[in-house]
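I am attaching a structure below and will ask some questions about it afterwards.
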Amino acid sequence: MTLQEKFNFVRAACENLCRPLITEDYSVQPSLFASPPKWHLAHVTWFWEQFVLTQYLSGYEVFDDDFSFLFNSYYNNVGKRVLRPVRGLMTRPSVEDVYRYRAYVNENMNKLFEKELSAELIATIEIGFNHEQQHQELLVYDIKYILGNQPTFPAYAKNVFTFKKVPSANIFHKISAGVYEIGHDGNGFAFDNEFGRHKTYIQDFEIADRLVTNAEYLEFMQAGGYSDFNFWHDEGWQWVTSNQVNAPLYWHEIEGSWQYYELGGLQQIALEEPVRHISFYEAFAFAQWKGMRLPTEQEWEVAASKFDWGLLWEWTNSAYLAYPGYVKQPGAIGEYNGKFMINQMVLRGASVATPKEHSRKTYRNFFHPDMRWQYNGIRLVK
Amino acid sequence: MTLQEKFNFVRAACENLCRPLITEDYSVQPSLFASPPKWHLAHVTWFWEQFVLTQYLSGYEVFDDDFSFLFNSYYNNVGKRVLRPVRGLMTRPSVEDVYRYRAYVNENMNKLFEKELSAELIATIEIGFNHEQQHQELLVYDIKYILGNQPTFPAYAKNVFTFKKVPSANIFHKISAGVYEIGHDGNGFAFDNEFGRHKTYIQDFEIADRLVTNAEYLEFMQAGGYSDFNFWHDEGWQWVTSNQVNAPLYWHEIEGSWQYYELGGLQQIALEEPVRHISFYEAFAFAQWKGMRLPTEQEWEVAASKFDWGLLWEWTNSAYLAYPGYVKQPGAIGEYNGKFMINQMVLRGASVATPKEHSRKTYRNFFHPDMRWQYNGIRLVK
Amino acid sequence: MTLQEKFNFVRAACENLCRPLITEDYSVQPSLFASPPKWHLAHVTWFWEQFVLTQYLSGYEVFDDDFSFLFNSYYNNVGKRVLRPVRGLMTRPSVEDVYRYRAYVNENMNKLFEKELSAELIATIEIGFNHEQQHQELLVYDIKYILGNQPTFPAYAKNVFTFKKVPSANIFHKISAGVYEIGHDGNGFAFDNEFGRHKTYIQDFEIADRLVTNAEYLEFMQAGGYSDFNFWHDEGWQWVTSNQVNAPLYWHEIEGSWQYYELGGLQQIALEEPVRHISFYEAFAFAQWKGMRLPTEQEWEVAASKFDWGLLWEWTNSAYLAYPGYVKQPGAIGEYNGKFMINQMVLRGASVATPKEHSRKTYRNFFHPDMRWQYNGIRLVK
Amino acid sequence: MTLQEKFNFVRAACENLCRPLITEDYSVQPSLFASPPKWHLAHVTWFWEQFVLTQYLSGYEVFDDDFSFLFNSYYNNVGKRVLRPVRGLMTRPSVEDVYRYRAYVNENMNKLFEKELSAELIATIEIGFNHEQQHQELLVYDIKYILGNQPTFPAYAKNVFTFKKVPSANIFHKISAGVYEIGHDGNGFAFDNEFGRHKTYIQDFEIADRLVTNAEYLEFMQAGGYSDFNFWHDEGWQWVTSNQVNAPLYWHEIEGSWQYYELGGLQQIALEEPVRHISFYEAFAFAQWKGMRLPTEQEWEVAASKFDWGLLWEWTNSAYLAYPGYVKQPGAIGEYNGKFMINQMVLRGASVATPKEHSRKTYRNFFHPDMRWQYNGIRLVK
C-alpha cells in the first residue's frame, strides 16, 4: 500500500465502524471515560487538518473555525478545548456536518499526496495513522458501551469479532533468568513510550500459553472471590464494595443464569472463551486466588514469541512509567504519552478490535486499574 | 372545537415545536432538571396509551411493551421507571420510532373519538390535554437550554415569541385589606392544587402594573447587587457564591457589553423588555434592593384583574403548599401535584410559551427557588 | 430577677449544661448541622463582647483579638468568619481558655450592670439573653448527637428531661372558621419574625389534644410506612431511600426489638411517650397514613390555649416566611431571622430542652424538613 | 538494649511525642489521610494486646472489649473496624483512658518479658516495634497537620527537628550500567516488601549528592512552574488546578513574602534548607523544569552509599509494586504491605522524624502521589 492508499484505507475503516449506528447513537457520552462517536470522527479529522493540512498544504482553508475548538482533545498546547464532561451535550455540528468535514479533509489530503512529501511530513502522517487507529479501537469500546447500556440491549451487528475457544489445557512456558533486551528497535513506527531498546534483568518464571477462560473466572466467582477481601488490593476492595461489583462488566444474572452483552446482543456466557471486560483489580484478585500472579511487562515482552496473542489486551503487573532515557517530545505531539505516566497499569498484546496494522510486541497500552470497558483479559504467571 | 379537534390540535402543537430541531437535538439531557425532547414526545404519548387507550379502547394493543417502562416519568404507581439521570443516554428507540409511536396512538385515539365517551373518560382526556400542554411549555425551555448551551449558540427560529416593551412608568394598584376568596370555583378544568375556592384575609397592599425591566435589573447588577449578601437569603447567597452567578441565565458579557441567548440566537439585551430567567433568589434580592417585596400568591390572585399578565411566570413569595381541604387523589393521577408540596415556590400568571388555552388566574405553577431556565420575571409589591 | 441576675442566671445555665462533658466532647463536630460545645460557649460570649462590651463599656479591652474571628457565626456583617465545616477541627483555643474568656466577659458585664443602661442597650441585652438561650437548646441537641453517635453510647446524665406518658385517648378540639389575630403584640420580648400582630382567616378545623405516641408511630412503621411512597413527598421519598431511613433518629433495632438512645443511655422505647426525633417528611407521611394532616402555624397559634404544649417542638405544615409588614433589620442583628426564610418549615411550641423563660405561643422556630436531631413531634389535625 | 528495654524505649517515645499536646489536640481528624493522636496511641497498644498478650501471656484479660473494635485499623482479618472517616468524632474513651490502657498493656508486656520467649514471639515483637515506630512518624505528621491547620498557628515545640543547610554546589555521582543486587538480605528486621534480595539491570546514570533547596524550588515557582501544564502529569495538572496549589504544603504568602509553618510555628522560609512537603506531582514537575528526572528506587538503592540521606523521604519515580518472588503473608500481618501495591509511589531514605532505629537503605516507603503532609523532598538524577 502506498501512503495515500493507507490513508484512504484508515479513514474508511472509521466510517465502516459507524455504519450500524443510527444518528442518535453518535452524540451521547454515557460516562466520563467514553466519548461520543461523532466526537471521535471529528477529532481524528481535526488531527489531519491541524497538524498536516494547515502546515503543509499551501492555500488550505480550514473547514470551520469552530471545529478546532470543539474537537481538540487533550492537547493543552493547541488552544482552548471543550472539557470532556460536556462532549455528550454537543448536538451541533450535526453528524452530517461531521461527515462533510471528513470528506473535505480527505479530499484535501488526497491533493497533498500528489505532491512530494518531506520526511518530517511522512513521520507526522504515520502518527496520524496510528492516532486514528487508536481512536478506531476506542470507537468500538464506546459504541459497545453506548449500546450495552441501553435498557433494550440492541445489537450492533452479528459476528463482528469472534473469540475462538481456548484450549482446555494450560501449558506454562519456562523462561530462564538473565539479562534481556526489550523496547522498540526503531525499525518501523512506534510510539515514543516504546523507545529505546534497553537491557533488563529477568528472574526465572513460567508463563501460561493461553488466557483465563470464562469457565475459570466463573469458578472464582462461585468460590466467593468477590466477597473475600484477602484476594484484593485495598483500593480494589473499596472499588468492589462501593460499586457493588460481582461480575465482569456487561454480565447480567438473568433468572439465575449468567448472560453478557456482546456486540451481537445479549447472549449466554461462552464458557470456553477467554474472560474479558475485567478491571486490573479483578485480574489481580483472580491470580491471587489461583496462587499465581500477572506477568510484568518485561516478562511479557521477553516471552511473547512463545504464545499467541491478539485476542484481548493483557493486564500486566507493571505500572506505566518511562523507559530509561525517555524524554517527552516538545509541543502538542509530546503530550501524547508522557503525561499519563502515573496511576495507570500497562496492558500488552492487542485485542480483536485493534486494527490489524496497529499491534506489535513492544506496544504499551495503559489504563487506570478500574477501567474495564476495553477488551482485556488475564494471562497467568507462576 | 370538538374534543377530537382539540386532541389533534394539542398533539400537533408538540410536533410543531420540534420542527426546527435536528435529530441530534432530540436525545440529549443537558441537566438533571431538563429532559430530552424525544422523551417529552414519547412520554406524553404514553399518557394516552396508559390512561386512555388500554383502559377504554377494547382490543387496543400497545405499540411496544418497552415504551411503558422507558417513558413513564414520576408515576411511582405505574411500574418501574427509567431514572431521570440516564434519560439523556437513551439513543434507542430512535426519534423516528417515537414519531411512529405518536402516529399510532393518534390513530387509535381518533378511533376512540368515534365512540361515545363517558364523563369519567372525558375528564381523563382533559387531564391529558393539560398534561401535554405542560410538557409543551417544558419542551420550549428544554430546547432553549439545549441550544443555548451549545458552544456555537445556534438559533432555534426567528421571532417565535416576542416580548413587547414594557411602559416606563410603573403604576401601583392599591388593594384594601379584607376577606377575599381565591382558588378555582370548579367551572372548567383546573388541577387539584387549585381547588377549592376559599376565604383568605389580605392586608392592604400596592402592586405594580408592570414587570421589572432588563434596564432596572441591570441597574441592580451595576449597583453591586450580586456582591452584597445583605440583599440575599442565606441559601441564595450560597447559591450565588458557589455557582459564581453574576447575571440572569443566558446572559453573556462579551467584550464589555451584555448579550443574551434567545431562541433567535445571541443578541443585545433589550433594555425595555421584562427581565427573565432569574431564580427566586434573584427576584427576592432585587426586591430587597428596591426596598419592596414580591407578592404572595393570594395577593396576586386578588389583584390579577387589575393588570395584564401572561408574558412571564411571576415569582411569588408563597411556598407551594396545600390549600385548605386539599386531599391527594388516590393512584397515579394523584401523584401529580401533592407530592411536590415542599421546598418549592409558587409562580403565578403564564408565559409567552404557555399554550393559549392553558392559563387562568388560579393556576399555581411551582419551582425550586434556584430554577431559572423557565420564562419568569418579577412583579413588585410595596 | 434584675437584669443583672438574669444575666448571671442565663450564663450559668450554659455552663451547667456542659458539666457532664469531658474535655474531648467539647471540640468535635459530628455533622455540618451541629457545632462543637466549645464553639457554642465561646460564640455566645463573643456576642456580649461584640455587641455590648466594646460598644457600651468604655475602656473595655477585648479578651483576645483572634476570638472575634474564630467565634463569629453567620454574621456576614461582622468581619471574616470561620467556615462551619472546620469548626470541629479547632483544638485551640482550649476549653479552659474558653472558660476563662467566659469569666472575663462575665466580670466585665457585671461591671457594666453597675452603670445606668440606656433603653437601646437593654434591648440588645434582651436579644443576648434570647440568643444564649437558643444556643443552650442547640447545645443539648448537639451534645446528644455527639454522645449518641459514639460507638459505646455513653450516658450524658440520668433523668435530665422527662417525657410524661401521654393520655391514651386523643380528643380533638373544634375551632370555627373566621378571622383571627396572630403574631406578637409587642409586650415583652419577641424576635422580629413574630411581629406584627395581624389578621388571618382560618377555616373550620379540629386539632388533637395530645402528641402522637411512640406506640402509634411504631404501628405506622409496622404497617410499612417507610416502604410505601404514596405517603411521602417526592423529596421525602428520596430522603428515605438515599439515607435508608426506617425509624426515627436514635432508634436502633437490637436483636429484634427497638431501643433508642436518650440522654440517660440506650433504653427500651417507652411506648406511651410522644414520638420524637422525626423529620418533617416523617411527620407528614405519618399524618397521610392516618388520613389526617399537620396544622398550619396559624391554626396552631389560634388553638394553642386549648391544649398543653412544651414537650416537643411541633412540626407545622407552614413554610417559614415573612409575616405581613415584616422588614429585615439593618446590620448584623438583622441577619438573625429574615435570611433563613426559604426552604424551611415552622415548628411551634417548645421542648423540654427549651429554657423556661424562652417560650411563648407566638414563637416561630424553623428547620429544614430533613432535620431531626432536635426534640420535635407530631400533633394531628383533621 | 535487651528486647524488654527496647520495648520500654519504643513505648516511651510515643508518649514523649505527645507531651506538648493539650487534651483537645488528641481527638480531631483534620483529613481522611490523618488520624487523631489518641487513635495512634491506642491502636499501637491494641497491636500488643491482640497479637502478643492474648496469644502468649496466659491468663491475660483484655483491658476493655470495645477497644479491639475501636482501635483496629485496616486489618480486615481481625473483626469489624471503625471506619476511618469517623475516627475524629470518637470522644470516648478519653485520652486519660487511653493512657491507662497503655500502662496496663505495658505492665503486662513487662510480665511477659520475664518469661522465655519463642522465636516466633520474638519475631512478632519485632514487628510490633516497627509498627509502633511507623506510627510515631505518622504521629509527627498528623500533629503537625492538626496544629498547622489551626487559624492561630500554635507552635508544637521549639527546635524539635533541625534541617541543616544544604551545600550550595550540587555534585553528581556517576554510576555505571550493569547488573546490581537490591533488596534486603535477611540479616536483621525488614518488612516483607523488602525481600528478597534480587538482581536488577541498571543503565548509566548520575545522581545528585544533595537535596533540592527551598531557594531552587522558589525559582521554579517564580518561573511559573505552577502555571505551565507542560511540566506536569495530566493528573498532576488536574490536582494543581482543582486544588489551586501554588506552593508546597504549609507555605503561606503573607504580605508579599513566603513563610511556612514548622513545628516551631510560622517562620520565614529558610532558603538553604531542603524543600519539603511536596507531592510527587510537584517533585516530578520540578525535575521536568530542571531538565532532569527523579531516580528509580533501584537506582537510589544502588547509589545510596554515595550520599547522605535521612533528612527527608525522597520521592522516586517507581510505583510501589511487588519484588520478584514476593508472596503476601497469610492472616492479618499479611495485610500490612501487599494490599497497598497499587497507585502509590515509592519513597526512599528516611526523614528527621523517622525513629533512629527505623531506617535502612532497603526500606520502601510509599504514598499516593498527591500526599505531602509527610517530610519528603527531591533528589535529582540526570
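Just so it is clear, A, B, C and D label the chains in written order, and each chain counts residues from 1 on its own.
Definition applied: a contact is a pair of C-beta atoms (placed from the backbone, for glycine too) under 8 Å apart; a residue touches a chain by one contact, two chains touch by 3 or more.
This structure is a prediction, so every number in the text was calculated from the model and none was measured.
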item	value
Shared interface numbering between chain B and chain A [over half = same, under half = different]	same
Farthest chain relative to chain A (centres taken as mean CA coordinates)	C
Chain A and chain D: spacing of chain centres that average the CA atoms, whole Å	37
Euclidean distance of C-alpha centroids - chain B vs chain D, Å	58
Length of the line joining the C-alpha centres of chain A and chain B, rounded to whole Å	45
Shared interface positions of chain A, touching two or more other chains	none
Chain contact topology (line, ring, star, complete or other)	ring
Chains that touch, pairwise	A-B, A-D, B-C, C-D
Chain C residues within the chain B interface of the complex	74, 76-77, 177, 179, 198-201, 203, 229-230, 232-237, 280-281, 284, 288, 293, 317-319, 321-322, 324-325, 328, 339-343, 369
Touching residues (chain side chain A, partner chain B) in the complex	22-28, 30, 38, 66, 69-70, 82, 86, 88-95, 146-147, 149-152, 154
